[in-house]
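Shared between the two complexes below is subunit A, which pairs with subunit B and subunit C, respectively.
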Partner chain A sequence: MAKQVTLTIDGKQVTVPEGTLIVDAAKKAGIDVPVFCYHPKMEPVGMCRMCLVEIGRPVIDRATGQVVKEADGSPKVQFGPKLETACTTPVSEGMVVVGASEKVKAGREDILEFLLTSHPLDCPICDKGGECPLQDLTMGFGPGESRFIFDEKMRMDKHVPLGELIYLDRERCIQCGRCVRFQSEIADDPVIGFYQRGRSLEIVTFSEPGFDSYFSGNTTDICPVGALTTADFRFGARPWELNNAASICSQCPVGCNITFNTRREARSGGRMVIKRVMPRQNEAVNEIWICDKGRFAYHFTEGGGSGNSERLTQPLVRKNGELAPVSWDEALQVVAERFRQAGSGLLTLAGGRLSNEDLFNLRQLTQGLGGQTALYTQMAGGDLVAQVGVGQGTNFADMGAGSAILVVASDLHEEAPIWYLRIKQAVERGAMLIVAGARPTRLEKYAAHVVRYPYGSEAAAILAMLNSLSAKRPNLPEPVQALARSPELQAAAKAFAGAQNGLVLYGSEGLGLEGSQALAQACANLLISTNHIGRANNGLIAVWQRANEQGAWDMGFRPRTDLAEAMKSARVLYVVAADPAGDDPSMAEAGEFLVVQELFLTDTAKLADVVLPVEAYTEREGSFTSGERRVQRFYPAVPEPAGLKADFAVTGQIGQLLGLDLEARFASKVMLRIASQIADYAGLDYVRLAEVVEQWPIVGRGDVYYGGTSYENSQGLGVQLAPAAQRGAAVPLAWPEFASQSHSQQASAEGLLAAPINRLLDRGQTVWPSTLLHSRIPQPYVALNPADAAVLRIPSGAMLQVTLNGTARLAAAHLDENVPQGVVLVPRSMGLPIFGPAPVEIRRAEVVSA
Partner chain B sequence: MFTEILRGLRTTFKMMLEKPVTVQYPEVKRPVRRRFKGRHELRRYDNGLERCIGCSLCAAACPADAIFVESAENTDEERYSPGERYASTYEINMLRCIFCGYCEDACPTQAIVLGDNYELSFTDRRQAIYGKEMLLVPVKEGGLPTPQKTEPGKFNRSIPEMNNPD
Partner chain C sequence: MNHLAEKYSEEIQAILAKYPADQKRSAVMPLLYLAQRESGYVTKTAMNEIAELLGITATEVASIVGFYSLYYDKPAGKYRIQVCTDLPCALRGAEEFLEKLCENLGIRVGETTPDGMVTVEHVMCLAACDKAPMFQVQSGEGLSYHENQTVESAMALIQSLKKGASHSNKDGHP
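On to the complex of A and B.
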């Protein structure tokens, strides 16, 4: 533990670790030192001069090195001649800080008077008005009036879109640089910067498209004025009119804690609607940040929009070939009767965006009837994560020197931006990062070691690392044998094995079910062999494609490699929160009877015999299990729409009609059943998930000036589950049957292999309804190496006909040197049916004359 | 006794000759006092632009929670008020309103004023909610109705020094 230092701030004795800045020490003691440019998550710069205080230090006798005492025995304190910045000065023993003197008060008044000379004071129309540090600090510390002439104020542009997502008001900017520093220090996307100097200083963006960063929304939270606002919320409401509801982001496995701000809206017919998404502090998950997908892609819950994104409002049953609205009683009766007849012929197919409670009920129902369950995903390995997953207490913030992080087959910047952010910070604290990938990704910039393998050899590459450490040598495929001899891979393996803590994140880039299962096993072997299991900050994390796939594995769901056949042979197919027909038209041939439980009339729902409409996760309670196996609870943000039920309730009611004992009313009671039946979840209930502890820095209370407008977490930090290895279970090594097919066997006649990649902003059902993001989502495309394109005579940007799994689709050609030769990168959820590596045929599409 | 009757009638006859205190409402209406607080009006500038910028401060100040405001963004193609923001929805529930005038005090553009009209009667509760179209005053001569198509850059400030913008 760091050395403790005791100092006095405004007469209050404070003891803090050495190196703490005065402004933080004061915050801990509950004393406000006003700041604009300082932010507890960033390096201090001392630009705004708002934090000026009087600082006195004890006088040390040079001869003796002892503190000089006053006549009464107290240490003699020497104050500096001028005010000093509290945000750049670290504490020292015996220091005396005075923030409540007349001199300091005058200093603060002058700074505020100066700032306001160029501030437009259009608070009535400013989105920040009401949660604005400049407003608050002016009220608290400012002068009553200004000596400057109103007409001499700076006049600058008020409406500057920095890209499609963020607007800048140049007049309101007080030049604190928080946004610029956030983008360069924290996000490492230095796409905005200062231009000009002095009073003419402006914030500009120099990326194309403007403000091209996945973290841009966070700058609006930390902006101490209304200079940066989001296009999504712009003039949506005043902050004091908004209600808030704690929730969990459902877009990726990080499980960022968020707060939905809601308001009753006349435009929406008087309904309660979500107006914006704000981050909620959880220092172990997302700190106080969220990515732009989490912030802007919530619109799918609202329905509306075009295509399939209209929300379903009532149950539909196919009558005379048409889907006709019926009552819930009728629909449930039909479904229950069919399920009874089907018995063991029931196949329940669930998607990873369902909550734990939904998945548990689905599993109970299906098992009760003797049927089978399947998880609709393209990534496997959740069973291994439950065994050798990260230990309880894992927090990226605790990783620094002595920790090794291995990221394999995942582009974290695209798949889980907040993990990218936190790993980057861990590296800056001294952690060692190894990135193994088939192509360069953003994270490699921070990697100490980069392992490059050909697509298809993901698991083999990890086993090659393991081989270099021990004598065990499974037969490695040809391309990896050379790799195994490379000094880079050996050095990486050695570094990983030698680290005190070792953590592996594996993803699904270029992989399908078999490949990712093999990779997960290879990663597990590496962790077991190097003894990086069963402790905090050690273990395996899966970068899932959907928020709660880990929860689905924990509830007993497993993906099936023979899904298409199983679907065809099932007597009754029960599809929940999945759209196989929309992803791949060849999956459209379902079994005899199809029940779809969904938010929207998806392509699969259009084929269904019964469609059961459900509540979005914003309209109900539940819990998700994140990739780090943290179970987190979400609360209803808007009232449940009439005529809809939660997924677990629909399943529960069907079960009750069939005489099964299922909970259909309260999500909290389903959680109690989960806790009693699933060992990993033992002892959990909603009360425990809602527990909070004091977090640092202090954000979201009365003091928006300090941490920004992120919300304080008072509704639950969640509970991280202990993996089997931590509970003392023996975890054996198992050797995966990896990469039985080499590249040439899998590739098409042209020698091309399609490898799936994941993009943050795709055309998925939960992203596309947010029209604001459309400008950031490219047209369907495939990426290939310029050399391959030259052979096929494909110019950049040409329209291609891409044939995958027997389905032909149009896509644009992106030429990219980083794509390995012989490989075509196909983004998932972009309209092209790709599930795993597959042969692909591409040819130029016929030019359609307009 | 007769004299007593006459003495009593004297007041009656005297009053018959004086000007009456009552007026024949509703045919005749007495003008209200200068500081009378009647039904609200949303005022316009001379050029027809709405003064209201949709800031919701009236709603925040309202002790009876009678006002509901929703705002949207102006463009030069479709401009309702000066500056970037205007009220797309403005409702006052007259059954809730206590005519305290705090909304007037809160308004940064003097858009909402309590007018002279005191004749508020409704036959059901919904009627008591006055929308923006009922509260907005008519456009004066020389002004244009909103939304207006305006010259870019001319009306880019929401609070134009409290005067009429030209």
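On to the complex of A and C.
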């Protein structure tokens, strides 16, 4: 533990670790030092001078080295002649800090008067008004009047789009540099910067598109004035009109804690609507940050955005070939009757955006009837994560020297931006990063070791690492043997094995179900053999494509490789939160009877015999299990539209009609059943999930100037589950079967293999209704190596006809030297039917002239 | 295509060679001078090209251009006459000198003569306070100081610059 130092701040004795800055020591003692440029997550810069305080230090006798005493025996303290910045000065023993003095008061007043000389004072039309540090501190410490001439105020542009997402008001900027520093220090996306000097200084971006960063929205939280606002919320509402509801981001497996700000408003027909998404502090998950997908892709609740994006409002039953609105009673009766007849012929197909409660009820219902369940996903391995997943107490913030992190088959910056951010920070604290991938990704910049393998050799590469550590399993297939001879791989393996803590994140780039299952097994083997399981900051994390896929595995759902056949042969198919027909038209041939439970009239829903409309997760309660296996609660943000029910309730009511004992009313009660029936979730209930402990830095209280407008977490930090390995279960090694065909054999006649990749901003069902993001979502495209393109005579940007799994679609050609030759990268959820590696045919599309 | 890199590949290599490979970004200043020499100011394209050469973002390059007053982000005359009007120079009549000079050239401060040859600007202290009125001439050919000036001497110099006579440096320090 760091040495402790005791000092006095405004008469209060405070003991803090050596090196703590005065401003933080004061905060810990409950004393607020006003700041603008300082932010507890960033290095201090001392730029704004708002934090000036008087600092006294004990006088040391040079001869004896002892503290000089006053007549009364107390230490003699000498104050400096000038005020000093509390944000750049570390504490020292015996220091006396005075913030509550006339001198400090005068200093603060002067700084504020000075800042306001260039400030427009347009609080009445400023989005920040009501949660603005400058406003608050001016009210608290500023002069009532200015001695400067109003007409000499700086006049600058007030509506400068820094790209499509963030707007800058140049007049309001007080030049604190928080935004620029966030982008370079924390996000490592230095795409905004200072331009000019002095009063002319302004924030600019020269990136293409402007302010090109997945983390851009965070700058609007920490900007201490209304200079940076989001295009989404700008002029949308006043902060004091907003209600807030705690929630969990549903866009990726990180499970960022968020707050939905809502308002009842005339322009939405008197409805309560979500106005914005704000980060909610969870230092073990997202700290006080969220990515722009989480911040802006929430509009699916209200629907819209072209395509099948209008929310369903009533149950529909097919009559005379047409889907017709019916009452819930009728719809549920029809469904129950069909389910009863189907019995073991029922196949329930569920997507990973459902909550644990929904999934649990779906499984209870289906099992109760003797039917089968399947998870709609392209990635496997959740069973292994339950065994050798990260131990309880895992927190990227605790990883530094001694920790090794291996990321394989995942472009984390695209797939889980906040994990990318936190791993980068762990590396800065000394953690050792290994990135194994078939092509370069952004994370490699921070890697100590990069392992390059050809697509198709993901599991082989990890086994090769293992093999290079011991000759335990010498009879590995040839690709493994060859990879194992690479010195870089051997060095990486050695470094991983030698680290005190070892963590593996595996993804689904280039992989389908079989490949990812093999990869998960290979990673588990590596962790088991190097003894990196069963402890905090050790173990396996899956970079799922949906927020709650881990929860789905935990609730007993498994993907199946024979899904298409199973769907065809099912007597009744019950599809919940999945759109197989939309993803691949060949999946449209469902069995005899199709029931779809959805938010939208998806392509699959259009084929259904019964469509059951449900509440969005923003309209109800529930829980998700994150990739780190943290079970977290979300709360209703807006009231459910009349006539809609939650997924678990619909399923529960169907079950009750069939005489099954299912909970259909309260999500909290479903959680109690989960806790009693699923061993890993034993002991959980909504009260425990709502527990909080004090977090550092302190944010979201009255002092928005300190941490920004991120919300304080008062509604639950969630509970991280213990994996089997931590509960003392023995976990054996198992050896994955290698696909009998190597990828080169799988390639098409032209020798091209399609490898799926994941992009953050895609055309997914819950992203597309957020039209603001459309400008950042690429048109459907495939990426290929310029050498391959040259052979095929495909110029950059050409429109291609891409034939995959028997379906032809149009997509633009992106030429990229980083794509391995012979491979065509196909982004998932971008309108092309890609599930796993597959042969692909591409040719230039006929140019149709109008 | 990186125009600068192609046209000046040797010169750029020589500049880059002065910095350790992991601190390439430090070469941003000399590369900006090179770009400015090429076009008279730093074009947006040049910022992108320099960013590419150094592995940093265009925004980072731009903030350097914005910070230093000797880099320009807008086109101007071939020669920039930069008159110091800071307090000590002002006390020696620099403001009046600037005004008269502009009158003679028929432009306002910050503007360029119609022939595109001369732009007049006022700048902060150039460390020749005792020899005011003074100015520096900045162009692709380099920098030169001109001290103890009168409007007549300045106009004569401008005429010779316009004629293409190589301007001398003998009346000032570099």
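What we mean here is this: the second predicted complex is superposed on the first by the 842 of 850 C-alpha atoms of A that agree within 3 Å, B and C clash if a C-alpha of one lies under 4 Å from a C-alpha of the other, contacts with A are read in each partner's own complex, and residues count from 1 in each chain.
Criterion: a residue touches a chain if its C-beta (ideal position, glycine included) is under 8 Å from a C-beta of that chain, and two chains touch if they have at least 3 such contacts.
Not measured: the values here are computed from a predicted model.
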Touched partner set for A:Val204, first subunit B, second subunit C, both or neither: second
Which of subunit B and subunit C A:Lys76 touches, first, second, both or neither: neither
First, second, both or neither for A:Glu265, with subunit B first and subunit C second: first
Touched partner set for A:Ile125, first subunit B, second subunit C, both or neither: first
Touched partner set for A:Lys153, first subunit B, second subunit C, both or neither: neither
Which of subunit B and subunit C A:Ile192 touches, first, second, both or neither: second
Residues of subunit A defined as touching subunit B within the complex: 120, 122, 124-125, 129, 158-159, 234-238, 240-241, 265-267
Contacting residues of subunit C [partner subunit A, same complex]: 44, 47-48, 56-63, 65-67
Contacting residues of subunit A [partner subunit C, same complex]: 189-197, 204-208
Subunit B residues within the subunit A interface of the complex: 53-57, 59-60, 68, 70-73, 83-85, 88-89, 91, 108-109, 156-159
